[in-house]
Amino acid sequence: MFLAAAPLSELLSFGDKGYLDELMWGAFATLQISFLGYAFGCLLGLFGAIGKLSGSSFTKNILGGYTTLFRAIPELVLIMLIYYAGTNGLNQLLMSLGFEPIQINQLLAAVFVLGFVQGAYSTEVLRAAILAVPIGQVEAAKAYGMSSYQQFRRVVLPAMLPYAIPGLANLWLNITKDSALIAVIGSSELANVTRIAAGGSKLYLVFYLLAALIYLVISMVSDQFFAWLERRVRRGQPKLA
Amino acid sequence: MNWEWLPHYIPLLIHGLYLTLVLLVSSVVIGGILAVPIGLVQVTGPWYLKLPAKAFCSFIRGTPLLIQLWLIYYGIGSLFPGIPGIRTSFLWPILREGFYYAVLAFSLSFAGYEGEVMRGAFLGVPRGELEAARAIGMSPWKVLMRVWLPRAVRLVLPTLAGEIVGQLKSTPLAFTVTVMDLMGARAKISSDTYIMYEPLIFIAIIYMILTFFITRAFNYLERLVPQRR
Amino acid sequence: MRITKRMLLAAVAAATMISATPAFADIKFGVDISPYPPFTSQDASGKIVGWEADFMDALCAEMKEKCAFEPTAWDGIIPALTSKKFDGILSSMSVTPERMKTISYSRIYYNSAAVIIGPKSDDKDFSPEHLAGKTIGVQGATTHANYLEKYYKPKGAEIKSYAGQDEVNADLTAGRVDYIMADGVTLSAYLASEAGACCEQKGAVPIDVDILGAGVGVGIRKEDTAFMDKVNAAIGSLSDKGFFEENTKKWGLEGKLILPKDMK
């Protein structure tokens, strides 16, 4: 019933008596939420960047408002607002359209929230990257008679990737750390799981250090991945300074 | 929209704003001062200073601030029962308040990120200027104080506004360790009145206004500092 | 190369679909994510166990539904209910007139005393005047927090508010707060543990039904009247079957809880 002081080895094991398997599930949930939120955020960012660069002034204003707002307000406040108000708003929208309100899974809500916040930042990163593509390449594509979509997909997109990757790598690291903020609204990702494990076992130092280690491993592996990705994407491009 | 709660809670919000600003300023100042040696030592330093500094920055930048904060607050707190007499010691007023843990965690975090930035800045100062300083006989300390550091800080200035805004946006985490900053005030208002959205929107606006003032202040400062193009 | 890229993408997509949470239960009950033994706490295998966990299982067996817990942050649990993140709140939530403005409640399924605990000493006085200048820890957004606000804060006590009851307990063990006020049953679980060996119960606070509530009920959205009737009927039949007494005995809480049978 109440947790007596179990031996350390037991608490740190996998299986029913130990917290390690919960920690691993928590880490997995963190990666899941981060990855899906990041993908959603990059997608939003892509549309946002294109909209900001070639949209009507109305679109530009809306997008400008979105990016300014989301980058000026603390992520924690945004996460709470979107989680409580956003999902409510979504359901209101669905109900007004005649659909049944859906029960939004906590995982999905977290993804939605983080993605929206990331979208604002990635809009700026992608916009800067697209602007950095040498205009000559775009003009050449136009001269060939490519449609806008073809221009984008065949010339702009591959060319802007090397410029985008450092910024996008930073955003990925940010989102893996911001996913910990979701703990404040009560989800079962790594930070919360650690809080429960630490509280249940009273081994605060051990578990928080363990969680820090897991995040560190995630960030180091990510660093390596993005370094490899940048090298790959830079193939055939003129070297920077 | 329900704003009736607002007049009643103004003192609480003002106190919360005050605490937020104190958290921001103290963590930026302490973290900033710490960042200089942390960055410098990674450029010059003997290996026994360089490696810990590098490890510190990697740790800070690789782990979420929330975990760092909880590690410090609950981790250190869990040691207290094992230290007899701690409650009568002179440190107790500090050790028992969540506020100081928040200042510590935020300062270390700022130091970790800015240490990396300062490292880049120290590397970015043109070699020629340093060599010239040494050539006219300045001691290493004088070179640092009169040439290297000021030039590095000038390189960093344009990004400083963004870094400070970033730090402002980290301060809400303090409410998870009983600090009644703006976010803590909001938590209290929401739990007293059961109103969820309006207090959140209100403090979001306050944070936006603070961000606006910070960026404006730094734009002004940038104009004061001569930049040779 | 293209094949492996697609395979990689498919593998990643599949991995993102895996969820550690149980697949769709028909009814979800919101519960405080922080442990609140012996009513609800997460054991080392990740399952929620406790007096209330057993109560939920029995309730759902009565209602012939499949149910699951949805852990969520306590201070947002009512907005989460009203925005349909789950169907009910089953987390030792007291029924108060203030809360009934936003949500409605099933019948009360238990009641217990609110107490104040502090370090072991000869000083057993816990009146508001005596605690002036002391720090009292409490979980935020609870009836206990409101009680302290009304009676203890005006007399000069400092109130520290935490997100979860276990954090309050941890800070009493660490000494960062001088006293805690919370439900007597969950605090006796704390006092019985190693961390709580420092402290003892000072006494039960004078009752204020408006602030502390008349007992604990299942929180339900105001418009879900059909669901409410179902839950009430289930509680009624569980009470008739003697479930509450049995459950209380199982968890060793005899004498500490006031149960529906005694409330009639």
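Order of writing sets the labels: A, B and C. Residues in every chain begin at 1.
The definition used in the following text is that a residue touches a chain if its C-beta (ideal position, glycine included) is under 8 Å from a C-beta of that chain, and two chains touch if they have at least 3 such contacts.
Note that the structure is predicted; figures quoted are calculated from it, not measured.
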| item | value |
| --- | --- |
| Most distant chain from subunit C by Cα centroid | B |
| More contacts between chains, A-C or B-C | A-C |
| Separation of subunit A from subunit B, taking each centre as the mean of its C-alpha atoms, in whole Å | 23 |
| Intercentroid distance (Cα basis), subunit C paired with subunit B, Å | 36 |
| Whole-Å gap separating subunit A and subunit C, where each centre is the average of the chain's CA atoms | 32 |
| For subunit B, residues that touch 2 or more chains besides their own | 74, 77-78, 176, 196 |
| Overlap residues in subunit A, where contacts from two or more other chains coincide | 80, 84, 184, 195, 202, 204 |
| Contacts with 2+ other chains: residues of subunit C | 76, 79, 163, 167, 170, 195 |
| Residues of subunit A defined as touching subunit C within the complex | 1-5, 11, 15-19, 21-22, 25, 28-29, 32, 35-36, 80, 83-84, 87-88, 91, 101, 103-107, 109, 184-186, 188, 192, 195-196, 199-200, 202, 204 |
| Partner subunit C, residues of subunit B touching it in the complex | 74, 77-78, 80-81, 86-87, 95-98, 176, 178, 184, 187-188, 190-192, 194, 196 |
| Subunit B-touching residues of subunit C, taken from the complex the two chains share | 75-76, 78-79, 98-99, 101-102, 135, 140-142, 145-146, 149, 160-163, 167, 170-171, 173-176, 195, 198 |
| Residues of subunit A that touch subunit B when the two form their complex | 69, 72-78, 80-81, 84-85, 173, 176-181, 183-184, 191, 194-195, 198, 202-205, 208-209, 211-212, 215-216, 218-220 |
| Residue ranges of subunit B in contact with subunit A within the complex | 58-59, 61-68, 70-71, 74-75, 77-79, 165, 168-173, 176, 183, 196-197, 200-201, 203-204, 207-208, 211-212 |
